[in-house]
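First chain written, first letter: the chains are A, B, C and D, and each begins at residue 1.
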Amino acid sequence: MLDKNGIAKRIAREVRDGWYVNLGIGIPTLVANHIPDGMEVEFQSENGILGMGPFPIDGEEDADLINAGKQTITAMPGAVYFDSATSFAMIRGRHVQLTVLGAMEVSTSGDIANWKIPGKMVKGMGGAMDLVASAENIVVAMMHTNRAGASKLLPACTLPLTGVGCVKRVVTNLAVLDIKDGAFHLVERAPGVSVEEIVAATAGELVVPDVVPEMEI
Amino acid sequence: MLDKNGIAKRIAREVRDGWYVNLGIGIPTLVANHIPDGMEVEFQSENGILGMGPFPIDGEEDADLINAGKQTITAMPGAVYFDSATSFAMIRGRHVQLTVLGAMEVSTSGDIANWKIPGKMVKGMGGAMDLVASAENIVVAMMHTNRAGASKLLPACTLPLTGVGCVKRVVTNLAVLDIKDGAFHLVERAPGVSVEEIVAATAGELVVPDVVPEMEI
Amino acid sequence: MAISKVVNSVEEACAGVSSGMTLMLGGFGLCGIPENCIEELVRLGINDLTCISNNAGVDNFGLGRLLQNRQIVKMISSYVGENEEFERQMLSGELEVDLIPQGSLAERCRAGGAGIPAFFTPAGYGTEVAEGKEVRDFDGKPHILESALTSDFAFVKAWKGDTAGNLIFKATARNFNPMMAMAGKITVAEVEELVPVGELDPGQIHTPGIFVQRIFQGEKYEKRIEQRTVRNA
Amino acid sequence: MAISKVVNSVEEACAGVSSGMTLMLGGFGLCGIPENCIEELVRLGINDLTCISNNAGVDNFGLGRLLQNRQIVKMISSYVGENEEFERQMLSGELEVDLIPQGSLAERCRAGGAGIPAFFTPAGYGTEVAEGKEVRDFDGKPHILESALTSDFAFVKAWKGDTAGNLIFKATARNFNPMMAMAGKITVAEVEELVPVGELDPGQIHTPGIFVQRIFQGEKYEKRIEQRTVRNA
């Protein structure tokens, strides 16, 4: 079973040379730590930076330089700052090749819910609706089940949607799954996790091939 | 009767302190020469400058610094350069208070034609259609009649339109006229020009008040 | 001759703002917010405000101050985040809230400033955001029609500005400020440093002064950090 | 690590451009045009091109060179101006021409790059430009629906650029270049000076490198002036 860092590490393997990547708040942010040295990749944060670098050294943080999670960051050589309209022009115009974000629920039709629990919790969608509506590649990073142990991979989302039919790949603490033809397709198992455990934790229809390789991370 | 400079001088009196002004090609460009010293006015040229200054001194012209008429210009202190989308955001968003442009024809309903003679001449509309569709104040600067002696102030335009119902004031070599209620209204006579001459040169309905003052320029 | 936009104080900058108005406020979280103007809005005690701002600050800083004082009746935002008072007022129904995708919010402000009354975007299709909005396919993909946003006043915060209202923002403190500057009927810019006209490079202005009606240098900037995150040296 | 966009020559920069394609070319008149790329397009001898550009240069410089060679079948522009060959080909019907209001042209390119398939604008209502387009009233004023423009290649010209494709334009040579950079499937930027990544101020980039796929330093720039206009000292 993977921890959050393990999920991030596995997702880092989805990244290709020359890609611009938007990382959401939480687990997705950790993906940046696992990009191989020398790979040409730039991270976009939708509040207005391309070429986001690591967190600053203590004492060098700048209130004017943050990421979309409001964390203090640094800028890499070649970085650019821009306004929010330009930022979402990049996103909506499909200039960003990969979006990684968290989710509360994902469905077999590729729907995603991650911004609201009616009557209980409202974080707001932030940039997530723009990102999922436009990104060519969306990878969802999340735990396979919620705190109550219920599956987050469902036949249909029960929470208000963030986007419809947009998620193609999910990486959880248990598995890598693709979404196509109205079902989850098991692609890889996390180290030490059995197919049976994944089946038990997946509420939506799950297609299991004869051979399910264990992740290399 | 006014010459081109006289028309420009009269139009300069339409300009108010604190206004951003877009001047078209030709006579309108001359208006900048007649703004009183100390008046706070900035000229916008739609190719991407606010705070346009006079032509450069010989030898100081810069190929990268031109106005919408492709003439070499200078920039005043406080000038800004921007791209064409931002430039027309200013125009379409009504941040420019006054537009002065030339015309081939103007009608009693405020229509204007200035970009095409079918089969004969096509200059293109450039920024004129955006300007006339959005400007709060549009002053047309033109000769009262064309080279053949025919009136350019018509009951209806005969040439392809640039905009409909947008022109409120016309300044010609003969007169200042307002357009309202489907007619031209004579406001001022050019020095030495009689009401009769103006009536004769105006094809569209012309309302002439009892007293028509001579322009002060 | 450049048009001067300088006012002498935050009081003068906020003159005319009154209860019931729609205000835009730049900033993302606490980054790039018009601190001095917000304090003045608190001091003025006006209420029934509709505020358009990506977030609402935190409980006791930024727009959160206006929320605490119940001066706001409606928020148009994309993110509530960790602002507990914002979430509480919203869930209890005390505060009307329009939550809008962040990119649509930015573009709707730009559209408002640019004279574009409406545009199509794919963001929000199939979600609550699309309810009541026109849907149209382009290249086989559904889009929704979003309308422009404008405001009675827009409050923006820049790093440097000149007396003609030209603005330069620092790093990611730019965010929503340039679009909101475009969309305010009256745009008030507060800056960390106000310089004479001619000192800023005309090629390096982020917001041309034509979009700014009033400018002043803020008295002080706390520039609070919401999530101080550091690594080991 | 920054993504390098550098190509070694204008030939490499234009690789893949072929007959029948739609191209965008930055510049206003002869100001800010991609001189080196245009010469290469002439040399390549490809034809049946659709060119989106505000103007078409003059008879013997800029896009006028491609017109003279009959390499262009269609122009999408706002202004013909004093280009006699352009006007002649258009009036004779040899060249198909879509004339578009300049602001709509700029906004349509931006929309194409920003994933906005269509927007409403008042420009052109009641004129030939509105023919066949949807009309809708907003605030009692009629607007027409304009669609996004994109291209197979966009050719832009900047003053400075870095190896990551970040661009800075000089003065009014900026014009259409930033929007066209956004709207090209492949955007080729030629620059007067190519610098290593990290040399440009990240707050002062006009076109972020994400919009640029190839960049090179042009061999020479004539930068011809169309209307040399001077005053007495």
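Rule of thumb we're sticking to: contacts are C-beta pairs under 8 Å (C-beta built on N, C-alpha and C of every residue); 3 or more make two chains touch, one makes a residue touch a chain.
Just so we're clear, the structure is a prediction, and the values are computed from it rather than from any experiment.
Peer 1: Mind listing the chains that sit against chain A and also against chain C?
Peer 2: Under the touch definition, chain A and chain C have D as mutual neighbours.
Peer 1: B-C or B-D: which has the larger count of contacting C-beta pairs?
Peer 2: Most C-beta pairs in contact, of the two: B-D.
Peer 1: Can you give the whole-Å distance between the Cα centres of chain A and chain B?
Peer 2: Result: the chain centres lie 55 Å from each other.
Peer 1: What whole-Å value do you get for the distance between chain C and chain D if each is reduced to the mean of its CA atoms?
Peer 2: 32
Peer 1: Could you put a whole-Å number on the gap between the CA centroids of chain B and chain C?
Peer 2: The answer is 36 Å.
Peer 1: For chain B and chain D, what's the span in angstrom between their mean Cα positions?
Peer 2: Measuring from centre to centre gives 28 Å for this pair.
Peer 1: Return the residues of chain D touching two or more other chains; collapse runs of consecutive numbers into ranges.
Peer 2: Chain D, residues with two or more chain partners: 107, 110, 114-116, 121-122, 169-171, 174, 202-203.
Peer 1: If you look at chain A, which of its residues touch at least two other chains?
Peer 2: Within chain A, residues 49, 75, 81-82, 88, 91-92, 134 contact more than one other chain.
Peer 1: What pairs of chains are touching here?
Peer 2: All touching pairs, sorted by chain label, are A-C, A-D, B-C, B-D, C-D.
Peer 1: Of all residues in chain D, which touch chain C in the complex?
Peer 2: Residue list for chain D touching chain C: 107, 111, 114-122, 136, 138-139, 143, 168-171, 174, 202-204.
Peer 1: For chain B, which residues are in contact with chain D within the complex?
Peer 2: 45-49, 54-73, 75, 81-85, 87-88, 91-92, 111, 115-116, 119-130, 133-134, 160-165
Peer 1: Within the complex, which stretch of chain B touches chain C?
Peer 2: Answer in residue numbers: 18-20, 37-42, 44, 49-51, 75-82, 86, 88-96, 134.
Peer 1: Which of the residues in chain D come into contact with chain B in the complex?
Peer 2: Contact set of chain D toward chain B: 28-32, 54, 77-81, 87, 90-91, 97, 99, 101-107, 109-110, 121-129, 159, 169-179, 206, 223-233.
Peer 1: What residues of chain D sit close enough to touch chain A in their complex?
Peer 2: Result: residues 1-4, 110, 112-116, 162-164, 166, 182, 197-198, 202-203, 205, 208-211 of chain D touch chain A.
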